[in-house]
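Below you'll find a set of structures to go through.
Below, chain A partners chain B and then partners chain C, in two separate complexes.
And then the complex of A and B:
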């Protein structure tokens, strides 16, 4: 296993290096550069443009710049943004990332979970009327033209019904005398979500080995209630209490994007789960499970769904990668100032240091996600565990 | 001895797009407590369908149109799913054809056995269950460490042994063994058969052994039913049936099996193919392949049905007369 992990890491480093070089060449090959609109100014003194280029090192040949960039990259120096000069790309990303992570981590987890749940039930109730209708709806939301759908959602819930805000991630008027930055709230919300999920996961893991099904279920339910009560207490005491209204404001703004993206994203998972699960249901061990006299629910969850999980996890890992780059469209439509907008902005302005930094961030993210996928496969399917040892 | 299982006039068909397939036609047999009962017949003659009906696990398009299955005084046909769950494994357990795929590949073998035990005996603790599994594994000749392995880490023979342990895990009264040794080589086959036989005698279980291999059936069972085209054509004590087969299909089956002892004879194979059950057969269902059919056999009005030909020995009306020696 360790040998396998080591091999994978070695491959990842090479892939990442190639990724950096390719992205840099691609950005460089965009015609023009970030400072070209200086030339539109008729009062520009002669030689000033060249001076600016030299200042940023853009007068050097491509090969030299690539080597320079990559050595600096591995030293941890990402340069300065061309557009927001004194800021570094890291500062920009640090500001934008929590907003995107909060929104899309939420969307991905919710859509994966509901998709898996719905798909599982669809396969199980194959042939019933409800199955037909839900499948048709899922196919619709899977194939719908996403920007159009998002705009329709905005129009209906934001404008026509006026239930939810149309865009942005907060009401500025509420934040005039806020004693802290919105990032503080975002970070707090992320920390909160992560801790709650970890606790939930630990409850699940600890109750795994309990033999009696009843006490296992009761303990898990008790843990879940405890978690909710704990969260309630957290938000109503001390430091978090003052931040509560601001967090509520952000949460309120999150509702519409989360629902919209979830509707689009869950369908893929649901349909995939349905298909794989229908294959699994034909397998002999499902018959064994039925012959053993297990409950329908247990056969569905423990035997069928567990085996249908592998391809679904694969697709989930791939969608994790789109948490950041897939957000470009959503963030533009919902005017959500996150990573997606930063990417779009930096590419349009040819702000190469920021563009490179965001892209390499996505690259690292994607590679790590794939790495985790490989490892979690081994956990989910013991047959892979064996092969990977060799 | 009392009957643990009474099957009466069981009739089952599969609804398919091409029409109904009559897989099981009017089958009647009894199994006594502690007895081992064999069902033999060609592929596709409805053996497995009978087994699935006994557990009420027939495929969704398999419909029982008539008959009753009395297990331990309970009627299984038409029983609710929840009540059936209690009968399954606790009362009747099954050793499936092809143990390779009968295990869930992602759950450890021991856990899959424990799961059944939990379901039927919720009060027992984990250590009690584990102890019992180890005991069962020893009984079927497996190392107890095998319970902590995943199915793919076991060989075919080990999986089959583990399946037998699984079938015994809830102390059932009746075990159905549906061609348990088909996928195994002869040496392992023999070991497994001995294992099943030992366990059955040790625990006093009833056994229904289903196979196409008449030699295996001879070794394993006290009583035998020969199936052809969905119906039982001959039923009786194993020894009796082997000594003096009354139905010409049974005769053909015996003739096509080599005998180790006795004189060397040229094996005779049965001409033709097993009939497709989708077409209704006129007259005696065996008449198209019968080595010595009379005109009467093909008569449409002829009725199939068992008549008594010896002590506890019954054979089909039509063909029981075909053999005259």
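And then the complex of A and C:
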């Protein structure tokens, strides 16, 4: 086992090295460079352009630059952004990442929870008329052409009805004389959300083993109400009261993207749960449970749904890995200043240090996730373990 | 000699029987049939356009999806919009100019005056008998564009899906069959491809290469084929590899290649077909996203139609210009949805545990 892990780590390092080289070559092969806009200026003194290129080291040959970049990378030096000069890529990522994570973590948790509930019921009511229609609707929202759908949502809720803002992170006019930085408020919001969800999760875990389904549901509902009352008290007392209006402004801007992505993402989970649950329902122990005379709801929730949960959890983990990649389109359409926009911006402007840093961030994220998945599969599935030894 | 011929005939009839049995199973899934009907509808649309052009029912000058143009004029009443609202005639700023009216401030060179009636070009024109779905802002027929778009979607989807699934099936089976170093290399390769974020990668590629449909199909097929599907197909092939018939083939002296191509591959094929149907969906969606962002060198596609409607500002005009917004978006949605439903139906055919009984 240890030999297998060691071998995997060794391969991992090689893959990461290749990944860095590949991405650098890809960025370099985009025609032009980040400073070409300077040449449009007719008053540019002669030699200035070349001087800037030399300053950033862009006049060196490709191979030399790659070697330099990779040695600096492993020293922990990621360079400076070309576009936002005095900032380093790390600063930019630290600023943008929480916004993306907040938005998409919320979307994913909501959509996986509701998707699982809906999929469970869909598989249970197989063949009924309501099942067919709900399935068709979920297929529609799963395969809907996403940018078009997002634009239609923006048009309807933002323009026609004028209920919600059209994109952006906040209303600048509200923040002119704000005593706080928007990042301070946002950090507070993140802390608040994390604590509330942890409490909710704990309630869920503690009530998990209660035998009676009715009292379990009532207890959970009671805990949920308690949580809401608690957060209401938190936002109306002390320090948080002054920050409330600003936090409300950011939250108000989050509603539309969250709803839009949830509608699209929830359908995928519902359909996946439906399929796995249908497979599980064919198993013998379901028949046994029926023969024992257990109630329908108990069979559905305790025997079938628990076993259908496994693939859903796997897909949840892999979705978390692709959050940043998937955020590009959403953040472009809703002009949400997160990681997706940073990646797109840096790629289109050929801001190589930022682009490399974001790419390698995603790469490390994906590699570690795949590594963990592989190791756990090897741990669970003896076939793979035996092979790796042979 | 006679024996061999007989054997061939038996094999043929067996195959026919299997196909008709699978078709019967597929027909049981209602959603799969709905998907098949949708896909068939778009297929008819895509082959109808060349037929209409060839038979001369449609003339190229008017109905060509890219360069067609027809003069559509209409009488407009010239009015001057008031500065403050509401007035007697108009309630809100968006009500002026009303139907069949034109604001004098927006006329560039016409010598019409307030109260006169003048003839103006009506583009984008609403649906009429000549243009079933109206025309876009350049006077091109929207229905013809939808047909052209479905040709693009079919060509790209099927080409890239075939290529991608071909690559991933071959590599996945090889990785499972040979194991060891080959397996490690192929798995790390797909790790590498999975690490690169897809959409930014396509942006980069479209920046240094002029992507036409063929190129895009190859690029999408290769990225899809080297990525995650290799891992899934490998795990399926691993299950086939340990089945007894593979061992007995080896004992009777079959070579590696023979076992790989005539015993392992055919048993992985159903899963590969399933993957192919699902990856058609992905390819069509990727093409639409890329042309929606204006990054492709394609003359006409559904994504491009939405892109044009967006950059020309019609998307926020709401349902006033619905024929510019709805047909293209719904076409992408329905075709991908149709392929997805067909895939679901096939899933029920190949996976007995999913069947109703």
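In the analysis below, the second predicted complex is superposed on the first by the 324 of 390 C-alpha atoms of A that agree within 3 Å, B and C clash if a C-alpha of one lies under 4 Å from a C-alpha of the other, contacts with A are read in each partner's own complex, and residues count from 1 in each chain.
Basically, contacts are C-beta pairs under 8 Å (C-beta built on N, C-alpha and C of every residue); 3 or more make two chains touch, one makes a residue touch a chain.
Since we're looking at a predicted model, the values are computed, not measured.
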Touching partner for A:244 - first (chain B), second (chain C), both, neither: neither
Touching partner for A:217 - first (chain B), second (chain C), both, neither: neither
Partner chain in contact with A:3 - chain B first, chain C second, else both or neither: neither
Which partner reaches more residues of chain A (counting touched residues only), chain B or chain C: C
Partner chain in contact with A:294 - chain B first, chain C second, else both or neither: first
Partner chain in contact with A:30 - chain B first, chain C second, else both or neither: second
Partner chain(s) touched by A:174 [first = chain B, second = chain C, both, neither]: neither
First, second, both or neither for A:22, with chain B first and chain C second: second
Chain C-contacting residues of chain A that also contact chain B: 383
Contact footprint of chain A on chain B as seen in their complex: 55, 57, 81, 84-90, 93-94, 96, 98, 101-107, 114-116, 118-120, 122, 125-126, 129, 150, 152-153, 166
Interface residues, chain A side, partner chain C - complex: 11, 14-15, 18-19, 22-23, 26-27, 29-31, 126-127, 132, 135-136, 139-140, 142-149, 151-152, 155, 159-160, 275, 278-279, 282, 324-325, 328-329, 332, 343-344, 347-348, 355, 359, 362-363, 366-367, 370, 383, 387, 390
Residues on chain C engaged by chain A in the complex (per definition of touch): 30-31, 34, 179, 184, 188, 191-192, 194-201, 203-204, 207-208, 238, 242, 281, 285, 288-289, 292-293, 302-303, 306, 310, 315-316, 318, 325, 328-329, 332-333, 336-337, 340-341, 344, 347, 351, 353-354, 356
Chain B-facing residues of chain A, complex: 209, 211-214, 283-285, 287-296, 298, 302-303, 306-307, 380-383, 386
